[in-house]
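In this document, chain identifiers A, B and C correspond to the written order of the chains, with residue numbering beginning at 1 in each.
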């Protein structure tokens, strides 16, 4: 049950980087069940990788090892880490990608992996660590004790009288823009206003004419359109701050 | 032998959607052998997904469960279904994506899956159903009996004197345009004419100068070019109707 | 241990081609562990596929079967081959894609696969051969003895007084341009000059302002930028020849 390794990277599928990571894993744990979780995250986007991991982890079996290689600081003195949480293990750079998922789940302990100073820690540091953890079912002996330093937060939208100060935390392939507004916090609202535009609640994509908001599948309010890209229409992108008026 | 689950979606690889589906499957059937069949179908293209499934199913082992999530109507009252055919199982929305492959193979019975009314039935409805079917090797107990309603057809080109009325059913990555003309129906023809242009038969891509037609690998006539995009040159796209003159 | 099949193709993930190959493999060897090594190589790029295989093979377990389908000459009289090397097996067209990896490792013997004359040898010729090899752990009985004819070389940069005549052998997703200069041959150089521009050595991407060269993860010097595309800035692409001045 500890043999699943789920991989998130920004390497894409036209190079060998993702493949080589899988080769290294299978060399160490021939029984590893490797899952390509998201192989083509936007280049260098710690924000996107952190969101993807956060939105995915709870749906994987207990003991799954998540290997995240979105690592613009590879080769610098940022640390490489492995984290044991109550249900899963997380391996990757200490640049914030692991933090939202790990902290929500509850960090039991973290260790620092030995540095390589090369330019491909996915292959040389993270894959071997993930494979070893999947073999033994623990982070025992993987590195010395460590505390995560990059406490990147997806954040939580704040209410200010009749306004919500929110942030876009991900824009998906379809142009749906995920906000950091928990769906529970907007249950009584059916219309919001953004830069003069009324955005109505919809219960499904098909139910939406023009631009709407829905309770998204990851637990957050999403701004969407029906078969077109809300993000393009409104100029939304991951990291953008929004001030939304609660309208009705 | 019932543990293969082959997945077709339009989710792409920069989001978590495909990955989460795989996590859910492995939580239910730890022995599932998950195959990414086509992870980046054109967004919302029921046509493309139906073609891909049709062109693939016969090449997978008996008992394979195909999970198709190209589902523009998610959250509406379209039904979610599982279909048992003579060789394979098909799980997905009843929007036409399953129909061409299932009907060709022979539908033994279909069942309706319990609805979710959420926006991610791939995760919440289809993945659990596919995983259960792969575990038990049947659709027993998965849902109540049902008949598919969306009988989407790839269609078959019709001959009208010296003309063929055809349709493009898929354009692939290389710009090769797959028609719905069965290759058997054109064996004696070496030239066709389309909008004033003569298109010659070629036996391979390399054999083709400019634009040609070939007997494609899926059993249909394809309009192709040699290392360039026939679809762009002729303005072809999935769903386009063509009137072709049989020329020689 | 002979059950890993790692696949490199230019088919991408919006069509069924990669998926069908995997279905055929599982029909022959139900225990095959299929690894998507690189599923979206640039269309028809023998250069890229050869580099990817070369940069990957050593990181996979002994006995891995590599299946490479980047095959612009499919359907012509180019031959389909399987190659046994000291550590791995390689299956694909005899068009150069296998040669750099196989020749470096040491070719023990090669065989010619039976031709199909269709347009999808990945499905009809290469996948069955790879599956059989993975089942039996040898190329025994797969075809008649053969010598590779297309001896495509990544090449090795040559020094000419104070200049290096080099070639770009790959440009990756991030726009990093891999040269054919072995990193060992440039250890004492900290600046090179290309078309009037000074390019400084960097030890990591973050360490680089503007354009730099680094010792890349595949053993070659790479021309890179920090979070931007060196290839675009300098007009570099796979196959381009460069004359670089050793400057300091």
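Definition applied: a residue touches a chain if its C-beta (ideal position, glycine included) is under 8 Å from a C-beta of that chain, and two chains touch if they have at least 3 such contacts.
Just so we're clear, the structure is a prediction, and the values are computed from it rather than from any experiment.
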How would you label the chain A and chain C contact, same or different, if same means the shared numbers make up over half of all numbers there?
different
Rounded to the nearest 5 degrees, what is the angle of the rotation that puts chain B onto chain C, matching CA atoms?
120
Let me have the rounded angstrom distance from the C-alpha centre of chain A over to the C-alpha centre of chain C, please.
30
For chain A, write out the residues touching at least two other chains, lowest number first.
12-13, 36
Would you mind writing out the residues of chain C in touch with chain A in their complex?
1, 4, 6, 8, 12-13, 33, 35-42, 48, 51-53, 55-56, 59-61, 64, 170, 172-174, 203-207, 214-217, 227
In their complex, what parts of chain C are in touch with chain B?
10-20, 22-24, 26-27, 30, 34, 36, 43-44, 72-76, 117-120, 123-124
